[in-house]
Amino acid sequence: MMLLLALLVPLAGAIACWALGPWLRNLAGWLATAAVGISFVATLLLWGAATQPGGVHLALFSWMSGFDFGLTLDPLSLLWALIITGVGFLIHLYSIGYMHGDRAFARFFAYMNFFIFAMMLLVLSDNWVGLLVGWGLVGLASYFLIGFWFERRSAVAAARKAFILNVIGDVGIMFAIFLIVANVHSIRFADTFAASATFGAPLLYAICAGLFIGAAAKSAQVPLHTWLPDAMEGPTPVSALIHAATMVTAGVYLVARCAPLWSHSPRAQMLVGTIGALTAIVGAILGTAQWDIKRILAYSTMSQIGYMIMGVGVGAYAGGVAHFFTHAFFKAQLFLASGLIIHALHNEQDVRKMGGLRARTPLAFWAILVGVLAICGIPGFSGFFSKDQIIQGVLENGHPWMYGVGLLTAGITAYYMFRLFFITFLGEYRGNVDPAQLGMAPEAVGAEVAHEPASTGSGEAHAPAWVMNLPVALLIVPSVLAGWLLFSTDGASSPWSRFFAAQFPTAAQASAAAVPEWATALIALGVVLAGIGVAVARYATRSAQANAVARLRDESLRMPKLLVNAFYVDTLIDGVFVRGARLLGSLFGRILDPHVIDGAVRGVAASAVGFGVLVRALQSGLVRAYALVIVLGVGCFLAYYVFGIPR
Amino acid sequence: MSANVTNADWAAVLSIAVLGATGLAVLVADLLARTFVRRYIAIAIAMIGIIAAGAIVFAQYGTHYSAFGGAFVVDYASVLFQGIVLLGALGSVILYGAIGEERRIAGALALMLWSACGAMLMSGAGNLMTIFLGLELLSLALYALCGIAERAGAHEAALKYLILSSTATGFLLYGMGLLFGATGSVALSALSNPALATNPIFWTGVGLFFVGIAFKLSLVPFHTWAPDVYEGAPLPVTAFMSVATKAGVLAVLVRVFLWSLPSQHVSDMLLPMWIVAGISMIVGNVGMLAQRDLKRMLAYSGIAQIGYILAALAGGSAEGFNAALYYFAAYSFMNLGAFAVAAMLSGDREEGSVIANYSGLGYRRPWAALAMTVFLLAMAGLPPTAGFLGKVFILRSSVETGYVWLAALLIVGTAISLYAYGRIVRAMYDRSTHPVPAAKPFVPLAALSAAICAIAVIALTFYPFSR
Amino acid sequence: MTPGLLPMPLVDYLALSAVMFFIGVTGVIVRRNPLVMLMSIELMFNAANLLFVAYARAWLNDAGHIFAFLVITVAAAEAAIALAIVVIAFRASKNVDVDEASALRG
Amino acid sequence: MLVLVLILLPLIAGALLFLLPRDDVAMSKSVGAVAAAAVLVLAVAERGESWAWRWFSHPFIAEIHFGATYLSHWLVVLLALCTLCAVLASNVPRTRNMIAALLLLEGTMAGLFLARDLLVFALFWDAMLLPVFFVLIGWAEHPATAWRYFTYNFAGGLTLLLAVAAFGALYGSTDVIGNPAYHAIASAWAPWMLAGFAFAFLVKTPVWPFHTWMPQTYEETPAPMVAVVSAVQSKAGLYGFIAIAFALFPSYFRQEAPILIVLAVISMLYGALVALVQADAKRVVAYSSLSHLGLIVLAIASQNPLALSGALVYIVAHGLFSAALFLVLGYVEEREETRSLARLGGLGWANPRLTGVFCITALAALGLPGLAGFVGELIILIGVYQAGLVWAAILALVAVVLASAYMLRLLQGATNGAEVPDLPVRRDLTLLEGLAVAPLLAALLYFGVYPHALLVLMR
């Protein structure tokens, strides 16, 4: 019951906000927030039951034999549910301030609540179809919220892109479901995992591949990542909740959930680990080339999820999940804090036009500082523990090159995060500098103007209300401390690993690594410090700050095209698939249909009439001609009757 | 043949006598009648006579005997064919209520009745002489019917019909001569002598005889007269030709070729007929495609339909004969109905036979259009009309008796014909406003006939042959 | 059959009638004057008559004779109607030519 | 007897409607609605009793025989529901005639679905073309469209008729639809008969390459009528495939199934691709249904029980959402006086309620999880995959992706973007209009969560 409550209350909130929006006005925000809060409490109350072996299970209904639906709550889904509702609660609260005065205030919260419902459905389902439904609905919610300011062309396009790429993911999962149902005749996880031992390697690999297409699309893994940066068209709280903390980590959840499948298929592990590593490094590299504060964070999200995927992919489940856990806090916090800045600067998102904001937005300053330290993995902050666990776990599961990639990425991450930090807060304010001097492309300027959302915050929210500050402040705590859950003097028995002992038995039997954990930590720290050093040298030195404008200008002008265009992945997809499809479509619609198919039909009719005319022509109207025809006919008859007699 | 003639003999031809007498009565009544009612008096008398004859005919249903020493036969076939002849006569006579010049009605009616006598004579003919007599009676009256009409083109039609028909009769007569020579008797019963199966004179005779029959049935290649004559002749006459004539001739065809020939080699002997039938289906239907005159189109349609009927007879099976009879009955109703609708729309210049005048009819005269649609559907062989059922009968019998190629040709022909009939239906339900001459608002008799035919065409599908 | 009853062999009668018949047919095809065409048709009829009569003798069967008389009678009637039609058909056009009568076609 | 009422009631009501005053919209609408509602109640209440009367017994036995099978029961319910909604939503010039035509269509199609005799089936097959035809004559921009619609479908009707005739002549009776006593006909002609039936069904459904009549027809038919046509009339072909082609010629159907599968897959992709580039909103939906129906044909051709039960779900789902979609497009067209995606836009702010409805409908059409369309797709494709048609299943998934592309293009094109200044902003969805689509959307949601009732085939 509690479980249903946790699931359905947000849905009820969503429906209420959607239907009664015009009457609720600002109450909608509080209503929605309360709904999420209730859901959070309900989940929390289930903690005890969920951590029992077997967890909580609730059978709902059945379509037909093999299609039984139910909900389940075990440590894994419990963790996700708590993050979704908990962080979701804070972000709802924040949004009340951020979206204050928006023309579609109620609709926004309807969507947000709907998202919470969908995400809960995703993580609570005990079967593939339920998961897929949740999978699709979160995609829908993200579509709505990315395209929330739908009078903006760019937002509409971004929303569509996100949705379609996610549908590709859904389709991948559908394919996996075909395989599973065909072989297991049941859609429940339990039955599938029970039967998975009997699967042949190819089947298992195919299933994992299908599932991973879904995971990759949802979690913005290369090459399906292009929607995530564009998704920043949505309001900042959306980016924080959906595109940083929760939805995009659904892929991680899926892989972790399917640990029994992956751990039996080394090829699948290889695939996922590789993609994850690739995403991590690519995201990090692209992160160095961005100017829009939200896009920087977006790419960092992408790269961090790459870490997680890599971890869970190769079998370091505890580590990957842990990184999701910590990342949810500090990334949400980073987004919310940047939201404070954007808000304070009237929706200015380009870091080149910021600078010296420490005094103007102290809370944002501290929040972002903590977040940056956390994401870089400075010892003591949460990121440090989780990231180390992944890197170490990758090595323990025997993938040294991923280990290297992980370390490298850590360094780059450190560089661009501190770049963000320095450019934003050091030096003096550049908001009133001519964009051209900062090397901003004119159309970019145009974009900024068009960027003015419908009427967000309606100007007056310079000093954010407590509803906006409180969540940011609250989030600082876990982003510092969350990591300590993973800390333990002796490897296995950290509270974290005890929490997941039942979930991931495989995590225990990891081979002894070539490099001891403390060494890994030291190496990582070294790399990170190097990255920070570069950042300091480029942006934080006296001279750098002195002529920041010039520096930024030639940096942005000298930015490699390859990076600016994000390795041309978008261009490729657009050129090949989108244009190709439209070309085929117009070929069929404009030529094949009207001219070939209908042409044939018309031809038949015309020929019929032609014969008719021919017969008319033969009917000359001359008696003697007729007589002649008759006589000829008689001739033929006689020929037959006279010569055709049987003898 | 025995010379002494009994009452039974007279009873056999009583219906014909009644019909002939009615013809005279019409003429006499016409002399006495007042001007403005003479048309209706004449029609009334004619119809009464026809109905009386019909009653007499159907009183003979089920009886089977031959009169005048085999010159005339009364049996199942003769009764049914005579019935159809009378039906045709009735359906054509009634059309004079709408068409034709007052003062010529009586003469025309008398001629038509006598022509019908000829057809009835043929239906029961038991020897070559009776056949010839009936055929000539039928034809001469028809020449005159075409000739006396004042309609433009009627005279040309009369002339063409006269010359070509007489030529064909010449062939037929010569064929009769050869048959007589081969058998030494004019009786049809004599034809079945097995010794004749390989007799060249006999074979030639059969061939020439069939030429005459094929001409009257307007089968390709002896069809050339039909379109012109149908177009030229007055509407009622065309209707009569398309039903009554064919009924009589068909009766002869059945008697001579299916029931009298020696069983040996008979399929070889009849093969040309079936080939001709197959060609007629195609040519007739193709010929319809580009026509502008309804009667002309119906002429081609008739060519094809007779082809269908022969296809049914091809097997020579009893079921095939039933199929042919059923389809022919249906055919009579749909043709008479179509001509009736044409009469409904016709003024003095027979506007009803110009296809262009049918465009938009569905919105001007919905009922007439509906009736016409039913008849066209029936001709095209679509349900729920008897045309469909008849075609199914034919298909079945010809497939069962192994004439699959005829069935195939029938289907192809039907497919072609759909286009032609569809054209008229389409025209009737097109919204294009076409300049239409002021047709008579209401022609009670023609409308009545059309309604009856429409109902009959559908009613015929219920419980056919459920005996 | 008993040829003795015929002054000359049956085949000759057949040949003669065949010739007459084909002359008639040719006449119908080649001549354009309706009257001549009708005469040709009469020729065809009479060819048939000859056939009937000859065979009647050959078979000693009177039916042939009767048939011949019947044909003659009918032919007479036909000729009457035919002439009437030819007259009305060409009352309009002075020259008498069937090829003129081709308004109905197609 | 009840089945007879199901057929006659709408026919009579439709005929009587012509007696009402020509321009009393409210009256004709309420009368029509009452009649349609009554039919709906009867259709739901109907419990598979049948009614038969001997038509003729030579050359074969034909019974005028009506009765609902499991499939036809659902189709009639769908038909009644869609007709009711269409009647409520119809807001066109000469409303009375439109409603009459709708009722006549309902009657003829009820007859089609309830017919147990092939000949009766064939008759209703042609009869159901007439109301649509006359509506096209009366309302379409070009009368040619009417003839195009009629000619193409009637051609199918003719081959159907020929096949029926042949069947009757060879089997001896046409009273065979859903007849347990039927023993599979074995004859050299059977493949030809099957071809005759199949051609008719392929044209009506339609399936590539017999679809060219459809886009124009759907584009020019007024919203209420096209809603019923696309929702239910297109199912006549599918019903035929299941109840006739598959049921009467099992072995030959199995032989020819591969052809059908190929055509179905082509239709799915072809329709989706063409829908991607259409400029006219209604044409987008038209081509989309070519794609969706292809999926159902694929399911039928795969002959997998799971796929077949999924097909039933999807038949109902497609009926619901295509009807809703066309009704909504009708509303949009009324307000904006255009259908071109180039000119439409900005409804989101102008008519929020309408936008919401439009949104749900479009999402149902693109197979959003949680709505009926998704259930159908999923079960069908699982079945298709189980039947061993892996490649077909994968191509179908491509079509699913394309579906989301063109549906979003349609939805966003109409609703998103800034309010178009030169389009008149009209009142939002009225209560009646809302009521007209609400049942459809509710059903979509219900069956999307709990399609239990439709999946009985499997149990």
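Note that the chains take the letters A, B, C and D in the order they are written out, and that residue 1 is the start of every chain.
Keep in mind that, in the parts below, contacts are C-beta pairs under 8 Å (C-beta built on N, C-alpha and C of every residue); 3 or more make two chains touch, one makes a residue touch a chain.
Values in this document were obtained by computation on a predicted structure and should not be read as measured data.
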Interface with more contacting C-beta pairs, comparing A-D to A-C: A-D
Chain nearest the overall Cα centroid: D
Rounded Å distance, chain A centre to chain D centre (Cα mean): 37
Gap in Å, rounded to a whole number, between the CA centres of chain C and chain A: 101
Between chain A and chain B, centroid-to-centroid distance (C-alpha), Å: 82
Averaged-CA centre spacing for the pair chain D and chain C, given as whole angstrom: 70
Interface hub residues of chain A, defined as touching at least two other chains: 616, 619, 621, 623, 627
Chain C residues counted as touching two or more neighbouring chains: 25, 28, 98, 101-106
Which pairs of chains touch, using the document's own definition: A-B, A-C, A-D, B-C, B-D
Touching residues on chain A, where the partner in the complex is chain D: 18, 61-65, 129, 132-137, 140, 147, 150-151, 153, 156, 159-160, 163-164, 167-168, 170-171, 174-175, 177-179, 181-182, 581-582, 584-586, 588-589, 593-594, 597-598, 601
Residues of chain D that touch chain B when the two form their complex: 54-60, 119, 122-123, 126, 137, 143, 147, 158, 161-162, 165-166, 168-169
Residues of chain C touching chain A in the complex: 25, 28-30, 32, 98-99, 101-106
Residues on chain B engaged by chain A in the complex (per definition of touch): 159-160, 163-164, 167-168, 171, 197-198, 200, 203-204, 206-208, 210-211, 214-215, 221-222, 224-225, 227-228, 265, 268-269, 271-272, 283, 286-291, 416, 419-420
Contact set on chain A toward chain B in their complex: 605, 608-609, 611-616, 619, 621, 623, 625-627, 629-630, 632-634, 636-638, 640-642, 644-647
